[in-house]
Structure formats: structure tokens, C-alpha cells
Amino acid sequence: MEEILSKLYRMTAFGGFSFEVVLMWFIAFVLLYLGIRKKYEPLLLVPIAFGVLLANFPGGGMGIVPAENIALEGHRYKNLFEIASEYGIMNYLYYSLIKTGFLPPIIFMGVGALTDFGPMLRNLKLALFGAAAQIGIFTVLIVSLLLGFNLNEAASLGIIGGADGPTAIYTTIKLAPHLLGPIAIAAYSYMALVPVIIPFVANLLMTKKEFKINMRQMDKLYPPKHKIKNLKVVKIIFPIVLGCVSAIFVPSSVPLLGMLLFGNLIKEIGTSTLRLSEAATGPIMNTATIFLGLTVGATMTADVFLSPKTLGIVVGGFIAFAISIAGGILAVKVYNLFAKKKINPLIGATGLSAVPMASRVANEIALKHDSNNHILQYCMASNISGVIGSAVAAGVLISLLS
Amino acid sequence: MQPLNEAILIMAVGMITVFFILFLIVLIGDLIIRLSNKYLPEEAVAVKAKKTGTSSDNTMKAIEAAIDVITNGRGKVTNIKKI
Amino acid sequence: MEEILSKLYRMTAFGGFSFEVVLMWFIAFVLLYLGIRKKYEPLLLVPIAFGVLLANFPGGGMGIVPAENIALEGHRYKNLFEIASEYGIMNYLYYSLIKTGFLPPIIFMGVGALTDFGPMLRNLKLALFGAAAQIGIFTVLIVSLLLGFNLNEAASLGIIGGADGPTAIYTTIKLAPHLLGPIAIAAYSYMALVPVIIPFVANLLMTKKEFKINMRQMDKLYPPKHKIKNLKVVKIIFPIVLGCVSAIFVPSSVPLLGMLLFGNLIKEIGTSTLRLSEAATGPIMNTATIFLGLTVGATMTADVFLSPKTLGIVVGGFIAFAISIAGGILAVKVYNLFAKKKINPLIGATGLSAVPMASRVANEIALKHDSNNHILQYCMASNISGVIGSAVAAGVLISLLS
Amino acid sequence: MQPLNEAILIMAVGMITVFFILFLIVLIGDLIIRLSNKYLPEEAVAVKAKKTGTSSDNTMKAIEAAIDVITNGRGKVTNIKKI
Amino acid sequence: MEEILSKLYRMTAFGGFSFEVVLMWFIAFVLLYLGIRKKYEPLLLVPIAFGVLLANFPGGGMGIVPAENIALEGHRYKNLFEIASEYGIMNYLYYSLIKTGFLPPIIFMGVGALTDFGPMLRNLKLALFGAAAQIGIFTVLIVSLLLGFNLNEAASLGIIGGADGPTAIYTTIKLAPHLLGPIAIAAYSYMALVPVIIPFVANLLMTKKEFKINMRQMDKLYPPKHKIKNLKVVKIIFPIVLGCVSAIFVPSSVPLLGMLLFGNLIKEIGTSTLRLSEAATGPIMNTATIFLGLTVGATMTADVFLSPKTLGIVVGGFIAFAISIAGGILAVKVYNLFAKKKINPLIGATGLSAVPMASRVANEIALKHDSNNHILQYCMASNISGVIGSAVAAGVLISLLS
Amino acid sequence: MQPLNEAILIMAVGMITVFFILFLIVLIGDLIIRLSNKYLPEEAVAVKAKKTGTSSDNTMKAIEAAIDVITNGRGKVTNIKKI
């Protein structure tokens, strides 16, 4: 009888319990609440949160082990079969799909196949504000360096300001994989908080008059020079050329941008590659999302997550977002000083990326100030270019630091 | 090099690159549009595609309008297959 | 000319022929017949049977090699690339997807996303009979130990009585992988034979009066205390809490139960995670089923399969099923001795699991005795809890024996 | 320990655990139902979802009919997502 | 400032530029043009072309490294995790999905699930011309040996004449992986050129009278002996038996033919395995196509592709196609010398395979000569048997040479 | 053996095998057809399937006919789900 009880006890997780573990459950519940009830990017936050939960049951063997555990001597590593045997399926998934940098480009392929470069092509100039809105990345890099993060960690923290989930995850995998969990959560949470952060920053920096700048009226006053006569051809050539240009200048951005543009190309070609683009946006992307979420969540074991650095990431990520938005807005304001054809600074704010929510939020703000001021299509131009901007920034960081 | 100096250097390199690439995109996008306007203004295939496009666009709008009325905006057509 | 003939001969499979190989083909044909014509779980039996066929052509290189072949010295193993190069794609699939324990939890995720805990939540008490109906697992464990199986083999044999395919496969991978083929076949075959086994056991153990116990009348006589006012919320919270509870007490059941409950959660959340649950029940589960079936079938090479143990598994598996059903029925009968609100013992029989066929069979039996006695919803309660029950039992076995 | 003894021990541990877990599920399920009945009895969202639910069959037929009329049968709804 | 510029420069790809690299881009653009505008097998040529592009940006790390790079001493290899870490995701995909020989059989499973053996079963005798049309494979093997290719290379080159993409790729992986890129491109390009090549060869070898041989009239004059009463049963039994026969005589064709016939079986069984056949033809096949295309393209780095051998492959592949078509036509002509019931030699031409385009082309040619001469169904018989024929030929080559 | 000799040998082995296998396929296909015609000309299951088939087949055909008429053959049912 005693034996039964002792076996029973040893089988349970009670031996490994601690305050930290229970705290992690609480964090998982909060994330689940945000994802399910508040609908903060549920497609990622729910799997991440469940991954956190699974990882934090002592004895469940679902938590990701540190990379040291799989290193052997002489730059060699345990093989995937050994990882699965020793550390279970979650580590198998993590080390085959995530640590190899595989899933973020795969998700980017799907994102590309869902992206329409049309609005950007129709308002090419606005794409430049997608560059300005990357300033948060580098500012926070410097700030967090001063706060005690090392360079690689600081770069991963800064990339949260790119407001793009797969980019943030890919960069962190390459530069500071031990911070993957909190950075992914910060990135997706703040993307979900865009409807709060953009109005907050915009109200700080913009005047009432600026909120009312009407892009369509401007287009009437100063009509664009040439219209696109054959949009389909342009849309097919554009991703190919864009891929070449970015690959020549920032080769390290190829895994991300190349897959994004490949996805876009097979979508724009149309029916003859429809099977491929449907696969990229459907089963491939959804499957990738499930496993990305669960494994990223599973990196957050109590001992890794509960460190002062996590707090730094939460605060730093928010600052990066805010500065990126501010950068976009200020760039438009500077532009407006010199140009006759004014631009609504909200279009700078959407340079952040967080497609398409940022555009929708900016459009709503504009409509609140003037119910005729539809700026969605203009916002989408800088919004999409913000995705490219942060992927390029990620390429630079990886190239200079890894 | 001290980390801080390197960070500032990274910032410079990074922002220059980002601006440069997006500037190139503006230029090249513009070039593609001009060239396609000049040499492939409205090719046979494209016209055809466009025409079936416009007609189906109208159909689509009609369908969507109908559904909107009937479902009070709660339903949405995500997929219609033509054969 | 002679040279041509000799090359021709050496190319064929004739050199490796034997009576055993031909017998394996015959077994494959029988399994194909059962799957295609008799419709015994065709989604699994057809791929398994085809895998048996492919594995038993000498020279085809599609049979699974024993684990010894991939072991190196010092607890190290050949890597997956080496396995593919040396032993071909079927071993590549087997050692990357099955031996790692990967596919059964993945299929459980899909099962979870197809499961509705509603009937169980509406009749929670009936869930207890899903525990009673696991008795076959442990009884057969003891019996087969006496018949000469070792402890790990006996546990894998017993788990057939859990009447749940992925659970049986997962447990066998962990405890006795050399028995994987016959155990998988026994599990799926007997699940397909549930329409025969349940009536057989029920007729042995139940009286006419018991067959006619009408659950709806009982509900009218003794109405349940409280109804569920907000089913959606309950259904979302339930898998989360259930996951935590089972993970705390039986951490080794987390890979199976955790994925099951994750699948269920993304289904119950609804539209905002629809993409994920559709992926889990569609492409992911179907792809997993194809590769699980083919590779499990391919483990059954003649020398592995044609052993007295296989016969023991076939017999033992049947006994395990029968005892599990009997356990469920008897548990209800004991309950009825003490309770005023009687329960139809058929609801105990479905505690076996084999969802949803067991419930349908039990419902038909009840209707045959009284055409107004619809018990399907009640059966589903114990039926679903039987899935949890056998996953917990599997966790206990793995935790105590591996 | 002898295998048979161990097997019997496993049986005891196993059946106790299975019963204990499913007993806990009954308790906890009951608790969740009670608490949700008390604190989240029928929230706005749930009500809405239910309503569109029941009417969805009729809606579906109406949509299909409408599309048939409008498109002269050329369009077919293969997929309607609720928003 | 100087430091910034130097960092900028080192980050770009300029250091690795060369004439060869730019030439590869040009080749990629041509392939994209063929795939997108000319619609030459766009499902494969577009991913291949994009893979070529990605692989040829110095510093992008997307080009496939030679197999020597992953070999260690003593017949051991780097593991997949190490390959991903050192050489990036494209090599990870290539060495896990392609070099293991995994994807071609997977695509064949989908092809099987899309194939209907009905036309072949209705005109079984025509299947023999699917054998005659494999002569191009072996002829070009000899020719290219004389031109300086080694035996394994010559066999891979010859298999282009099988006019079947996955077969050509699978054979090349096994025999001469360094030629994978150009052989895959030649195979798919010539399959796209079938509407040009078949009329060209047919006009050379066929008389006007032969073009007008009307198969339906022949069927009326000499009606077939027995009709199929129960097509469904025949269609289910056929792939099973065919699988056994080919596996016994050419075991090395099992990975290809076995998967083809498994795919066909789960399709013919119908509703009870519909989930599986839908998965095989949908998400599995499309995903496999994307990754096959990208990685095959990525093998074509400048130094591998720009060699005289590539030119030999382009020329040899064309000859192989032409000879295969000629072989089929001539076999029919010889048959017609002896038989009363004449056969249209175009049906020999389609023995090549390139399903179903060859059949459509042949049908159109026949209709041009006689607008009542519908031969599509007859062409499909030899067309499908041509797939089996080249898979068998591939099995022979692999068995004798690897 | 010299490569050329081996190549010719391979050609012989290869073409013989390909012809042999496809010849076997013809024979075996013929055999399957004969045997199935004799022993399973129109079996119970098939009949049953056909019958349940027929009712749904008829429905199906009716639907298809209707659509064909309405759409002048341009529409096709790709998927009917029972609800």
C-alpha cells in the first residue's frame, strides 16, 4: 500500500512544483485570456499560451531545453532523432522547425501570397515612410544596450519595433535564441495593441489640422503623373525585381524577403500557379502557425522566462513600437514642410507595418476627424513597405552581428 | 570597438540601408510602371482577363449585396468557383 | 545473353522469396479485404495493409529495420539523413515520424478538434464509467505477463483494451516498439469489430430489464440539479483546466492529452482560430494518417510479424476489449445497486472509448429493446471520457515502465 | 520485485489514477459549470452566436436562392464565413 | 564614416559578383518567362526558376552545397540540424526532402490519386506501346556515354526520355545528383514542348493514311472480346496486383510505383478513404511541388550549372524525347504490318507519357486530319502505361547502376 | 566490363524488363477483368452502393441538369454538402 502511494506520488508533478511554475501557469492563463477573450492575435497567442502551459508541468517533458544540451564537442550537435529520444516531441519540433530558422520564412511565403502590392504601386512615394518607421528598431537597440543587454540581445529586442512577428522571431533565432519566448510574445501582443498605441502616439505628435489632411483632395489638386495601365504585368514583374534588388544589397534578408516575394509571385501569376498559392496560404501557413506558436510558447520555461530581461523586453518592446510610429509621423511632418502636396501623417504611422491592422486603425482615426477622409489605400502603401523595411533591417542586424 | 559605438554604427548602416532599399523600390517600381505602360500597355491576355474580371466583379458585387441584405451583414462570400 | 539473364534474375526479388514472405502478402490481402470490403476502419487499415505489402518485397527496401541497425556506440544513433541513405524512405519516415513518438500526438490534436465535450459536460457523472472500462488494460497486462510476455510487452498488449488507436501506438512506441505492427492492427481491427463485441458482452452480462432502462425518463423523474447556461464559455475553460489537472497528476500523459485538449480548445474558440482547427482536422490529420498507416504497416516484415507473440496479441487484444466492456457494464450495475436514478449499463460499455462507434452501437441495442430509448447522448459522455481514461492509463504505464 | 507483483502494483496504481483523474474531472467540470452559471450566465457574445446559429440554415437557403437568381446559376456558394 | 561604407559594402553581394552569376540570373528570368508567359509547366518551372534566382545571390546562402560538404569520415554524414545551422534552410530542405529521395515518391502518390486506369483497362493491348516508347531512354544512355558522360550520368540523362518529372528527378538523385538541376529543367521543359515535338516526329514518320486510322471504326469492325462488367472492382484490384507484379520483378521501382499505386488505390476505394486521397492530391502534393521546385532550382549555382554537361543534357534530353516518340510510332507501324485491326500510330507516340498533354496533342492532330477521329481515350491507354514503363525503366537503371 | 558493353547490356535488360512488365500487366489486367466478370459481375455491395448511389445519383443528376440548363453548361457542381 505504501508502495502504491509512493509510486503514485513519484508519478505526479508535485516533486517539481515551485512558486515560479505556478506563476508561469498564471502567465499562460493571462495570455489565453488575451487571445481568446480580447482577441489579441489569437492565431498565435493561443498556441503560444498553450505551449507555455505544456512546458511548465514538471515531468511532462514538453519544455524546450537550452541549446547547450544538444551541443557536442567540436562544433557538432546531437541529431534530431537523438533530440526526440532524449527530450521529447516538443524539442524535436523546436530544433527541427524553429532553431533551424525554417518556419518564419515559410510563414513569410504565406504572408506574401496574401499581400497585395497594388496600393503601394499606386502610391510608390509613400513607401519611403515604411523606412522612417524602422527607427524604433535601432533606437531601442542603443537604449537596451545601455540597460545591460548585450549587442545581440539588444538587436533582437529592437526588432520588436519592426512590428512584424515572423521577422522578429527569425532575427531572435539567429541572434539571441534564449530570448525567443518573451520577444515573440511582446511582438504579437503589441501588434494586437496597435489600436491603442497608434492613437496614443498620433495624439501626442499631430495637430488637428494634420489629422484632417485629405489624401483624395490632394490627389485631385496635384494628380499623379502616370497611371498604371497594365497592373497585372507590373504586379508580376515587381516581386521578381524587388527580390533581386534586396538580395543584391542585403543578401542576409533573402530567406525572409525571398520567400515573401516568391509567395507574392505565385499569387499574382494567377490560375496557373493557384494550387501553389493556395497551399502556401492554407495548409502550409496554418500548420506552420500551430507549430511555431506551440514551440515558441514551450521555450518559456520558468527559469528562462522569469528573469529581469523579460521585463526589459516588455518595456523595451513598447518603446520600440512607439518610437517607430513617431518616426513615421515625424518623417511625414518634415516632408510636409517642403512639399506642396501634403500627406496625412497617419500614413507615416502605418509605416510601422502590423499589416493590415495599423492601416485600419489609422483610417478610423482619420474618419473620426473628417467622415469623408478615407485614407485606407494610402495607409496600405506605407504599411506594406514597412514589412519590407523591417525585413531589410533584420537582414542588416543578422549580417552585422551573427 | 566599444558596444555603444558599434550600436551607433549599426543604426547608421541600418537606417541608410533601409532608406536606400525603399528608395530603390520607389525608383524601380516607377521604372517598371513606365516601361510596362510603354511596351505592354494593355496586352491581349490582360484585356481578356480584365473583361472577365469586370463582368465578374459586377456579379460579385451583386451577390455580395444580396447576401448582405439577406443576412443583415452577418454572412460573407469568401469563395465562388466558376467553371 | 547469359549475362542478361543473370542480371535480370539478380534484379528481381526471387532470391529473397520464402513461404513466410508469401504468407505476409496473404495477410496484407486479408487486411485490404477487411478495410475495403468490410469497411473496418479503412482510413487506417488500407494504408497499414499497403505498408505490409510494400515491406515484404525482398529488394524493395521498404521494410522497417530493427532499432539495433541505427544504434551506434555510446547511446548515440545514426542521423535521419544516414537512415534515409542506408535504409530508404520508409525507414526515414518511420524513424522521423513514428519512432520519435511524433505522429500519435499530432493525430490526437485532430481528434481533439473533432471532439465535442458537450454531451460529457451535460452528464458529468457518467464520465466515471470511462474509468471503469479501462480495467481490461491492466487485467490483460497481468494475464499476458503470465503467458510469457515481459512487462513492457504486456503493458503494450494491455493498452489495446483502451480501444484507442493513437494511444495504443504511442504507448507501444515507448514501451515495446518491436510489437508495433500487430498491436496497431489488433487495436484498429477490434475497434472495427465493436459492433460485434459490445452486443456479445452485453448479452452475457445484462438482463432484459437493464437493456430497457430509459435515461430520459430517469432525467424526468430525477432532474439534474443545474443546467449549463453558457455552454460556450464552459467548453472553452474545460479543456484548459482539464489539461492542467491531468498534467499535474500524470505528466507522462501530456504529449497525448495536451495535444488532444489543445485541438479541442482551438475548435471551441471558434472563428478566431478556425484556420488552425481546420488545419488540425484536415491536412495535418490526413497526412499524419497516411504516413502512420504506411509506416506501421511497414514494420511488419515477415521475420518480425510471424512469431508466436503475434498470436498472443491477437487473442490478448480481444480479451482486453471484452474485459474493458465488461468492466464498464459491471460498474454501472454496482452503481445501480445503490442509486435511485438507474443508469443503463450499455452506457458503461461505451466507457471503452472507440468513439463514436461504440455509442452508436449501444444506442442501436437500446433501441432494439425499446424503440423510444434513445441513449446516444448519454453514451457519448462515457465514450469520450473513455478516451481520457485510456490516455491517463497510457501515461501511468509509460511513467512506471519506460 | 517480481514481475507479477509489479504488474499487480501497476494495476492498482493505474486504476486508482484513472478513477481519481476522472473523478477530478467530474468535480472540476461541475465547478466550472456552477461558476460560469453564476458569473458569466449569458454573455452578449454567446447570445449573438446562438441566434445566428439557429437561423443559419434558413439564411443559407436564402443566400443560395438569391445567388441562383442573380447569377443565373453560374455562381455557387462553396464557403460562407461568419464575421 | 569610412567604417559605415565599408560595413555597407561587405554586407552587400558585390564581393561575390561575376559574369557567371549574372548569366544565371538571366537563365532564371528566361525560365520565369517560359513558366509565366508561355505557361510551360508553371507549377514546376516557376518555383525552379525562383530557386535558381535565390541560389545565385552571393551571400544569400540559399544555394545547395555539394554533397562533399556534408560528408564526414567513415561513411558518416553531418546531421540535418548541423546542415541547417551551417548551410541554411534551403540546404536543410534539399538534404531532408530531396537528397533522401523523399519528395518524388510523395508526388507520385498524388499523381496516382489523380490517375484513372479506366481507359487503359478498356484497351489493355495498347499498354504495350507504353513499353516501346521507352527506347529513347536507353538509346540516349548509349549516345551520351559516347559523348563523354559516365554511365551513371548517361542513365540520368537518358531517363529524360521517360517524359516523367518525378521519375527523372528520383533517378537522378540516386545516380547523378550533381546533374539534378539541368535534368529536371530539361524534363519539365520538354514535357511542356510536347505540343511541338509530337507533331514534328509524327509528321516525319507517319503517312496521311495512318493519321486517319479511326479507332472507333476499328472497334466496330473488330469488337473487343469482353466488356468490363464491374469496373469499380477491377479498378480496386488492379493497382494492388500491379503493385505486387512490378515489385516482384523490379523491386527497385517500388518507391515510385508502390506510392503511385497506393495513391490510385485510395482514390478508387472511394468515399471511405476520400480524406486520404484528397490529402494526397491536395496539400501534400502542392506542398511537395513547392519545395521540390525551389530546392531543385537552388541546386543550380553558377559553378555547377555552367558546364558543358548542361549543354549535353539540353541536347540529349531533346533527342531522348524524340526517339521515345519515334519508338512508339514505329512499334505501332510494325504491329499494323501483321494485324488486321489497325492502330493509329499516334497512339504509339503517346506511349512517351507526359500525361495527359501528349494524349490531348495526339487527339488534336488526329482531329485535324479527320474531324470525326476522336482518339483521346485510346491515347490515354498508352499514355498512362508510359508512366509505368518509365518507372520500371528507372527501377532497372537504379538497380543495375547504384 | 567496358562502359559501352555495359550500356548495351543495360539497354537489353531494360527494354526486356519494360516489355515484360507491361506484357504481364496486359495479361493480368485481362485476367482480373475475366474473373471479376465471372465471379463479381454486379455484386451485392456494388448494387447496394449503386442503389444508395442511385437515389443520390438521381438527385445529383437532377441538380446537375438544372444547373446545366440555367448556366448554359458553364456552371458545374463541385461540392455538395448535406447540412
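Observations
Per-chain residue numbering starts at 1, and chain names A, B, C, D, E and F are given in the order in which the chains are listed.
Assume a contact is a pair of C-beta atoms (placed from the backbone, for glycine too) under 8 Å apart; a residue touches a chain by one contact, two chains touch by 3 or more.
Predicted model only: the values in this text are computed from it and were never measured.
Counting the residue numbers that touch the partner chain, chain C and chain E have less than half of them in common. Put simply, the chain farthest from chain A by mean CA position is F.
Should one ask which of B-E and C-D has more C-beta pairs in contact, the pair is C-D.
Each chain gets a centre from the mean of its Cα atoms; the one farthest from the centre of chain E is D.
Annotation: 44 Å between the Cα-based centres of chain B and chain F.
Once the centre of each chain is set as its mean CA position, chain A and chain D turn out to be 31 Å apart. Chain geometry summary: the mean Cα position of chain A and that of chain C are 39 Å apart. Residue positions of chain D touching 2 or more other chains: 13, 17, 74-76, 78, 81-83.
Touching of two or more other chains is recorded for residues 7, 11, 79-80, 249-250, 282-283, 396, 400 of chain A. On the side of chain C, the complex with chain D involves touching residues 120-121, 124-125, 127-128, 130-132, 134-135, 137-139, 141-142, 145-146, 150-151, 154-155, 226-234, 237-238, 241-242, 245-246, 249-250, 270-271, 274, 385, 388-389, 392-393, 396-397, 400-401. Within the complex formed with chain E, the residues of chain C that make contact are 7, 11-14, 25, 29, 32, 36, 39, 42-43, 46-47, 50, 53-54, 57-62, 79-82, 84-85, 88-89, 92-93, 282-283, 286-287, 289-290, 294.
Of all residues in chain C, only 3-4, 7-8, 11, 37 touch chain F in the complex they form. Residue ranges of chain C in contact with chain A, taken from their complex: 70, 76-80, 83, 95-96, 99-102, 105, 109, 236, 240, 243-244, 247-252, 254-255, 258, 262, 265-266, 269, 272-273, 275-276, 278-280, 282-284, 396, 399-400.
Chain B contributes residues 9, 12-13, 16-17 to its touches with chain E in the complex.
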